[in-house]
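Here's the structure, in structure tokens; my notes come after.
In order of appearance the chains are A, B, C, D and E, and numbering begins at 1 in each one.
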């Protein structure tokens, strides 16, 4: 079987799964899976770029996704009245002070001879900087958070169109990735992994606890949308007329239409990123990256600036995750920092990449769809499975009750079994690297 | 004469089941006390032939017999137990184990006291004694090679197989290595080795094989091959 | 014809240990209604469970999406955590015009969320509890408290409310410190709390989560001896976990001296689950309210019955307690006004959230008991 | 006297808890580091392995308790521990046979094994919750304290109290014993060395007559033992709850990695680094300073560097700093 | 061309390179010999920027290049091979060669999206060049094989082939000959000579095969224990008793076995 044929069959199967969902469950569910599948595929592409092509073990995806989400709030929400005058400026100057003290510490580190004096000087600069930062910053934060804490307490956003937040989300993530890359990319394999994981946790900690930014754990809800609201469509005579013309009831029509619009937007982003990634990969640049992945020492000896290339791809991959993060938050319509869990936003994405086939963009996209589909559908599948095996048991038997009570936990178990089956049948992923 | 101690007969096979054959009907044998040397161009299949004899390859055809016993279907591990010792061409040490532990691992299947053997090896490669508690991965190329050979000797094998044991070792060590190999052979242990230092190797060889593209091209005593102008021209560098 | 009602709770994830009782509470109400045979001309009410995971907005949305568009549920009892509740509300309930009654989302942010009149909750708001806590503490003469809260919208909102109220009443809050649920160790938090000091430690967390961890650690190290337990902390687990060590501690959780609460505990026992488990009574009430409203509207379409929920929950009318759903259905059919009191004395105010009645508890002899109502 | 009080306060709230927590992390990290060192992958299922082992122990403990068997002042769970270990060994060997072995034969890349271990994690996770449920379970009994706050105060007459729990003591002692034993085993015994050899160069290990399947089996047995011990001690000290074991994975990995993967000593060091950085950096020094400082210098604030909200962030910052200066951890770990 | 001044490289307490001072003349083919562990490879690694020196300086064409990273040295025309082959194992042999030249326009991301025509032209030329080198190394049939799956000697050939893909000023060859068939090795030595004569490359060659050194190198430097032991023509070196004792030895003792 040729590769193209096999790949087409895989994608056809995924399409079939989604269409099947549409027929057996509902088209809304199907479109929802499609939409999240599209976003998942984008995230998987970003990770694949880093791991598949450069061998960078980044498990800080959650952090970049969250930064994308943060961008959505900061760009699209209207500003909170009075927040800027109350303390916004003070916060900014506090942050500036903080950055300055870090920069001067680095300068001291670079300029001075190593020795005890340097350590002392660094400590001095750092602690003075830290206290100055706290002194200025804390006041500002307090002032901002005091403004109507139950419903606001943050500085709000810029009130710009939410679509703008997608690229900005990418930029946020890229900026963070650049800083991380500058410090941590010297690390290898699992050491880099834990470093990135740690940084992601730090990002989340900041997002949870700095209420002035995006209300922390109190969540920001009701984010603007790039598409119309269903309720508006349902109230629009024109839309209702159209829906009736197609013989669909207006409520269903509106929910479907909105999802289709999202799907269109996401698909455009996915296709652009995919095409660009593919072009890069199939060029000398891709060859160079694979060489670096295979053997850093000798790539370096062959004149390739390994550090710079690593940084480049780390920033790019992270930016893609940031874009995806902004897209998810837009789709959710709210920012909930507590929902950023490594299992969901880091390891699930890794599953997508590995199951799809690392080092292969098409594989990453496929993995994104497949894993997302199962992630959503294992719940009914687990339930159905248990109902099936318990159907023979006596009504009211303790075992039956216990089994049915455990149905929810079968969700993860089923996921595990599916995962192991897929990897058993194609240990290098569904579409392996050539 | 009866059958040789070790014989890999008519071996045909490759690295993967569906992949191309690397060996074509290749036969290699060695008898007690003999040194057999395999030479040939790069990629001829010399290492592959060694691996085939050691059972690290699925043979499609042919058989391997050790001391009259057919061992074709044995796993490499079982062959070690049968007394075969092997030094592969690449990755032939345990890099994070110390030199001494590397040697101990060579004696893994031995249950007797092996401190004598270890002392002999330190005599043979004095530099290893200095570096006994250093991780083998930190050694120089030549030193690694010495560790690798030392490890195989620790097994006290009934048959010793060496894939390019002298690659990268200095002339003085190479001479000693050959000396030692001859010593080992004198105790009646057959030695099968691949060498690119062919001229020197063939000088001490009782039997030589020239392999080309996975098949036997020339076979004869070491001297005969050395004297064969065609062999000299094509494989020994004139 | 069967009427389906969705139960969307975090069956997996950080709240997985309290959700079974919550779901059981809701299903208890549904069973009661079904068994009465008086609902919508004898229809059965069929619960359909969905996993909100509590944290993954997308997974929750998709579960809700499936329940609404594929199973065709007529209303949603859920969700539990405020984050996923908001997501489901915006992405599924509003677009499809489905009523949602959450038993446990307490975030004040949800009060002002756009909901097209579809969203209600039987859990009281955090602001209300702040007042209750302050009153209780002041009545007992405490001037200095330390607060620890679980780092999510519930904990944070509650801690904010308590701090504001307590300080406004002239008390001192020595420290407000967050703890993350499900973590391995709370020494650091307790160290900071102990250092800050205070007469009482207010633990705004969950009893089977980090809250108990913090209490454990505080007791062991002798950092605090007296604790105040808000709603998330009160549960049988407290007795089990700490027993006599907590003697002298106190707290309050939603509930009334109405017979409803006790009845519910008894009913739960009969059904094989723990009726005192956090938010289980609220879940019963949430489900009951949905069904009563349907009965009143004579329709299972959300658009029809959403307007009845508020007025069913509130006076005037004949009071309805747990186990009396059949009677309620009769009364509704007869056109009599009812006031659903339920297990938690629901009283919906403002944008459809519980006004909040609290029962004050105190520990003595290794177990807590209710000593009064507020 | 005041200085003594200051020290006791510090010990009670920082030193002792951090030490005990460090030892708990270290025990978990030992298992992770061993799998990494020998089988060459990061095992995500380790947290759930701990949970499973602990669960079996809990079940046996309940059984013993119901039969009235007890272990004097020590927790009964210690008696049940061997059974828990056996159960866990059984599970791991079974998993290896049906799951990991295949990938080993395929010579799959480590990252594949990492993902496979995630699959195993999901399954074990479901299994544990299926058998014992998601709630927390109590199984601790015996004497809870070696020294309790009250008795300490009575004994010394100090204002500040000091508590040492029995489980804290047991954990610390166990951690020290286990690491010493493991170190000895890996570096001194033939089997231990052969395990290291296997991890270094599998093919060559084969050529030396080392039986890879045996090495793998021994590894899983040790890992199961370690995981069960760690899981039970943790459960005794805190509480047994499946979800928490999953959450424990993160600090455990962090510990194994700062220490240097594959190195038992590193796991111990890493455990303490993580524990101490979590507990100390966000500590509010007020209490200690009030005792230690003359009256007029007493602080009014909390004297806290950062609020405890950031304790994880801080511990990760410290981890990062360690890694930047020691890229393969404190004890020069391996990397694939 | 290259001057090494009192270079030291210590690993912990061990002095792998211990005060090496040497000069490599422009246009020469310098042989570097010495017992195993003398520090030859370590010296290469320090010069090529793989390892930072403990102390000492390396000067190239009057410019201090101590501690520059390898990729910058590559751009200055300094190439090296590895004693233990460092192939890109999952790439084909051809790709192994094609990736070498620097400044390929296709290595800039922007061009991969917007300059595809130029890349295609460059690639065609590169491919031709790579095939030429493969053919010279007698491994043209392996062009599409994964480099990780060729024989040990073939990997060494690839290692050498990479230095032939670009114009270098100075090339460090670390035991290119070990494991390479002698007949081919001598062809290689002809090429090295040709590159040296026609293109003016300077070579530094580590090798334990005295015939090869003999054919190629002048002068020859012998290192031992981290410093330079002797320097001169091969004949001079061979006559040096210290070198004989430390390195060359006096041949097989078991002469009687030969021909037995």
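Methods note: a contact is a pair of C-beta atoms (placed from the backbone, for glycine too) under 8 Å apart; a residue touches a chain by one contact, two chains touch by 3 or more.
Per UniProt, the chains are A = Amino acid/amide ABC transporter membrane protein 2, HAAT family; B = Amino acid/amide ABC transporter ATP-binding protein 2, HAAT family; D = Amino acid/amide ABC transporter membrane protein 1, HAAT family; E = Amino acid/amide ABC transporter ATP-binding protein 1, HAAT family.
Computed from a predicted structure; not experimentally measured.
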{"item": "Common touching chains of subunit E and subunit D", "value": "A, B"}
{"item": "Intersection of the contact lists for subunit B and subunit D", "value": "none"}
{"item": "Touch-network distance, subunit A to subunit C, counted in steps", "value": "1"}
{"item": "Maximum centroid distance from subunit A, chain identifier (CA atoms)", "value": "B"}
{"item": "Most distant chain from subunit E by Cα centroid", "value": "C"}
{"item": "A-E compared against A-D, more contacting pairs", "value": "A-D"}
{"item": "Separation of mean Cα positions, subunit D and subunit C [Å, integer]", "value": "35"}
{"item": "Inter-chain centre distance, subunit C versus subunit E - centres from mean C-alpha coordinates, in Å", "value": "74"}
{"item": "Where subunit B and subunit C are represented by their mean Cα positions, the distance between them in whole Å", "value": "76"}
{"item": "Centroid spacing, where centroids are CA-atom means, of subunit B and subunit E in whole angstrom", "value": "27"}
{"item": "In subunit D, residues with contacts to at least two other chains", "value": "129, 134, 307, 309, 312"}
{"item": "Contacts with two or more other chains, residues of subunit A listed in rising order", "value": "208-209, 409, 411-412"}
{"item": "Pairs of chains in contact (touch as defined earlier), listed by label", "value": "A-C, A-D, A-E, B-D, B-E, C-D"}
{"item": "Parts of subunit D lying in touch with subunit C, wherever the complex brings them together", "value": "9, 12-14, 17-18, 21, 24-25, 129, 133-136, 138, 145, 149-150, 161, 163, 165, 234, 238-239, 241, 243-244, 247-248, 251, 275, 278-279, 282-288, 302, 304, 307-309, 311-312"}
{"item": "Touching residues (chain side subunit A, partner subunit E) in the complex", "value": "276, 279-280, 283-288, 290-291, 293-295, 297-306, 312, 316, 433"}
{"item": "In the complex, subunit E residues that touch subunit A", "value": "48, 50, 69-71, 74-75, 79-80, 82, 86-91, 95-96, 98-100, 102, 104, 106-109, 111-113, 116, 119, 122-123, 162"}
{"item": "Residue ranges of subunit C touching subunit A (in the complex, touch as defined)", "value": "11-12, 16, 19-20, 49-51, 55-59, 61-63, 65-66, 68-70, 81-84, 86-87, 90-91, 94-97, 107-114, 116, 127, 151-153, 155-157, 160, 178"}
{"item": "Interfacial residue positions of subunit A with respect to subunit C in the complex", "value": "24-29, 32-33, 36, 149-151, 208-209, 215-219, 221-222, 229-231, 234, 251-252, 254-255, 258, 328, 331-334, 336, 338-339, 341, 344, 375-376, 379-380, 383, 405, 407-409, 411-412"}
